[in-house]
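Below you'll find a set of structures to go through.
Each of the two complexes below includes subunit A, the first together with subunit B, the second together with subunit C.
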Partner chain A sequence: MQELQALSPYAYGLYLLIILGGSLAAALCKNLIRAMAGLITAMLGAAGMYMMLNAPFVAMMQVLIYVGAVSVLIFFAIMLTKTPAGDSPELGSSSKIAAGLVVGVMPFVFLVSACLNYFKQQVETPPDIPVDQLGQDLLTRYALGFELISVVLFVAMAGAVILGFERRRSQ
Partner chain B sequence: MPTSTFLLCLPELYQMALALVLFAVILANPNQRANLSWLPAAAAVNIVLAACALPLKGLLFYDAYQIDGLSQFFKLAIAAGFFITTLNAVRQPTLETDKRTDYFFLLSVSALGLMLLASTVELVSIYIALEASSYSLYAIIALRGKDRRAAEAGIKYIMFGAAATAISLYGFSYILATQHTSYISELAAKSWSFAEAPGAAIGLMLFLAGFFYKLALFPFHFWCPDVYQGSSNETAAYVATLPKLGAVVVLVRMAALLKPGLEITTLIAVFGALSMTYGNFAALAQKDLKRILGYSSVAHAGYVTLGLVSGTAQGLAASAFYIVVYLVMNLACFWVVCRLSGNGENLQLEDLGGLFKRQPFLAFVLAVSAFSLVGLPPTAGFMGKLFLITSAWNHGYNWLVIVAAVNTAISIYYYLNMVRHAYTKESPEYPIAAKPGAASAVWGGVLAAAVLFLGVLPSPVFQWALTAGKQLLP
Partner chain C sequence: MINPEYYPLVRMVIFLVAMMAFVGLNALVLVYAERKIAGHVQRRPGPFHVGWHGLLQPLADAGKLMAKQLLTPWSSDKLLFWAAPLLSFLPVILLFLPIPFGETLYGLNVNLGVVLILAFSGLNVLALCLAGWASNNKYGLLGAARAVAQSVAYEIPLLISVLTVALMSGSLDLHAITVQQGAWPWQWYGVLNPLAFFIYFISILGETNRAPFDLPEGESELTAGFHTEYSGMGFGMFFLSEYANMVVVCCVASILFLGGYQGPIESGWWWFLLKVYALLFIIIWMRWTFPRVRFDQLLNINWRWLTPLALLNLVGTVIVLRLAG
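The block that comes next holds the complex of A and B.
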């Protein structure tokens, strides 16, 4: 057990690299399918983070739902939408890109330093929370949020259908 | 109070039923030619229900959903605003007929999300209620015929909105990691100073960012003029008014956690000052009426922070009252814009020329709302600003009060410029076609009367807000 504990910083670093690499690929790849592959990689990395938090159930759900189902859904969405006609607009001038980088990197640096300075690890190993307690909390203390998510999903689907139909008819 | 739990949340249940009926109408009419003239009347019923529900109190859903003075006050305002927006949007020239029911379905779900937002007192539920109200907006902003500008506005709103809510959720993780609870009632007992709980302070600021985005407060304001300009006039009237009620109700609840002098409070004050100044200066240069109103709402978001930073019940009440005033005066202003733009095009300042001769009554409604937006007596805007300024004075943010007063003076120019165009300029060579009927004049008159009424006799409404504020900060 002690040796495994000693390995945990390396595991953390590995998952972090997977997440970072995946999200960079998702953001920068011109090819949508490659960007999706990057996104899936990042989501797998997040599943690894859940394992580090001693939450294997959430990690399994992350793999099942996000890596498995949601990404397939997005692939379908990419397949069904028609690629926009004409060239994609050029990125702004190099000064604009530089400004964007500064604006993007600043919060990152600030938040990373905040995380490193103000958050200390308080427990040696995260507590093991059984699945039935998760379910009980979802249906008691967090019941309202749990129910409202269905409204959000419903609206998201309805909105997507309304906008999506419009696009198909105009072609 | 021995009331059944169903009765406690009657306005929300009614709003949900309305959304479900509209959904059934969509399903029953595949060709989407449903008659929707009943909708404003159905929305008006909810005003009565929300008014009856005003004195209710209770805690539902394992204490995650609180019915109190603040929530009922805002639910009534949301119901009234929803009624006016449906009335305004029923004859929408740029909305395709086959999308009409869909549009109102999404609109009513958005209002439902805002009503839920008014009552939720648990951070996860607050976040999800906010999402429920935003998702429907993401779709309806793009619904403006085949207009490219609307598609651009929709994409901007979604992208910035997604980023803002991601920041919000990230901040929530900080709060949960440091304070170990997501219930506002339990968070109230914790410290929020940077010295004692730096992680929590950063987290709360990030969490509030999502609501600053909805309110269009300074660093999160950039979507506002573009979205107003790109979306149809009627959609802009909704986006400009009701979501801000939802943002303010959460900000008022969260501001009850804060005291003057805390780092977060000072940061909110700085954002507020920048917001008013930037909004007013940017509005000076605009020609498009909806862009003017867009920058004006950035400025008004700044004024609202005056009440949030003082840390008193009066301040919270003044913020709540001001956002209701903002709702009424903006609805009045947008009412005129929508009625004047017969074909749904955007109006320029010049299009207002000679309005006094063509449509004297609409010109009057515009003048009343513009005076109120400036904050001149005897309009509601004046009383709202007075309450804000008196509540904030001598609570450590006097510089913010001075900035607000200076900004009011700056804003006189562009608001009264609209009135000047309407009353003294000649008609444009090809005046835009507009034939507002008697009914639209009546409702415009009702809105103008409400603006004047809240200015002359604000105390009934303000007392409700004050009771609500005292429940939060006894």
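The block that comes next holds the complex of A and C.
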């Protein structure tokens, strides 16, 4: 495993570049599908970072759920709104841009301050946790967080269904 | 002497190169088999003139594909248009990494082999979407829309039937699952739980877009579906990845349900290849036996039959496992 250890800084740099490139494409491309491709690239890079953290199961789930499933759903949503290839949606009004800036800058400031304050010391790479242990912990120790996430998913689904019914009634 | 156990990276690279050769050769063999079987099913000889009994026909086809001019439609999204075939083909090679072809014949010994294959096989749908959309062609887009609806639907019974086997074996490691099953057919999970095998087999036809579920490229209504605008090796890449995907799902089927490389008398890669090619033969046979289903029928088969059956089977397996052990 020696050679793999030696390669890890390069792998880290590569994943960082992938994430940065993908996010820039996602933010700057005017074409929605290209922006989505950038987003998927960034998510693949994040999966690589999970691998670096010795969490292969989370990395695989990242690829399975975000790259394989969520991206396809986003693609479907874009396609249903009928954006033809090569066409770009017009930019919103200045108030929309301001709102976007606020939404973007707030998490940025929050995350940067958190990183600067709390992640000063170096830690060892955590050990690889087997999948059965992960499942046990998710259903006992972290059950509240686990269930809360499913509530969020449920709300999103219910909202989509309600929106669909409203639209059908208005037609 | 270099011990490959200490050099996992070297082993992986060698294995990946070998798998590329395997995928290429396999495509030649499968194209020949497909056309010959199609011929005999329809009472005609199939390819016959190039080489003995048309044996060199796939080589001639490959030469034609590679020599063809690559055309990019004027109004397409050029970057995504050419990224799509690459995105379709590259992950497929990766899918072979955790598959144990024999006792020591594997690329990467991971304890999450099943998850790795399921995760990276999802990239193919994305590639089909991008191809269909970037072509800026109505048939391409319709093909992509069908591919999405179909593969999202068929992934559910597929995952549940794989989960059933994972529950029975208590592992996600393909090597461990193989070893747990014995050499004889009555020890295989496919015989112990035939319903899971059946559901898995039907779902892989939907996942790999094989007839009777090949609606994303149904030529009678969509000319060629998502790859309408691709010529030469652009189409060749999709074609290669479709055949490679077929091989991967059959490899997984033979590991999960048919005991992998284990077999009576002498275990080894020959048993593995025999099982894989037997499954591939059945898939080809089905293509030329059943007519293509309608799209609503395709989704009804899945949502009304396969998914509830798979869920019932999962619950039943859990109950049986509890009672037995």
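Just so it is clear, the second predicted complex is superposed on the first by the 115 of 171 C-alpha atoms of A that agree within 3 Å, B and C clash if a C-alpha of one lies under 4 Å from a C-alpha of the other, contacts with A are read in each partner's own complex, and residues count from 1 in each chain.
Everything that follows uses one rule, which is that contacts are C-beta pairs under 8 Å (C-beta built on N, C-alpha and C of every residue); 3 or more make two chains touch, one makes a residue touch a chain.
On a predicted model such as this, the values are computed, not experimentally measured, just so you know.
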Message: Looking at A:Val123, would you say it contacts subunit B, subunit C, both, or neither? Reply first, second, both or neither.
response: neither
Task: Could you tell me if A:Arg34 is touching subunit B, subunit C, both of them or neither one (first, second, both, neither)?
output: second
Query: Is A:Ala69 in contact with subunit B, with subunit C, with both, or with neither (first, second, both, neither)?
result: second
Message: For A:Val152 in the superposed arrangement: first (subunit B), second (subunit C), both or neither?
response: first
Message: By the touch definition at the top of the document, which applies to A:Ala143: first (subunit B), second (subunit C), both, or neither?
response: first
- prompt: Once the shared chain is lined up, is A:Ile162 touching subunit B (first), subunit C (second), both, or neither of them?
  reply: first
- request: Applying the touch criterion given at the start, work out whether A:Val103 contacts subunit B, subunit C, both or neither, answering first, second, both or neither.
  value: neither
Query: Is A:Ala6 touching the first partner subunit B, the second partner subunit C, both, or neither of them?
result: neither
- prompt: Which residues of subunit B touch subunit A in the complex?
  reply: 23, 60-62, 64-65, 99, 102, 105-106, 109, 112-113, 116, 120, 122, 124-125, 127-129, 131-132, 135-136, 138-140, 142-143, 146, 154, 170, 177-178, 198-199, 202
Message: For a test of understanding, state which residues of subunit A touch subunit C in their complex under the given definition.
response: 1, 3-4, 7, 31, 33-34, 37, 40, 56-57, 60-61, 63-64, 67-69, 71-72, 75-76, 79, 84-86, 130-131
Query: Given the complex with subunit B, which residues does subunit A contribute to the contact?
result: 111, 114, 117-119, 140-145, 148-149, 151-152, 155-156, 158-160, 162-163, 166, 170
Field: Residues of subunit C defined as touching subunit A within the complex
entry: 7-9, 75-77, 79-80, 83, 110-112, 115-116, 118-123, 125-126, 129-130, 133-136, 141, 144-145, 148, 152, 172
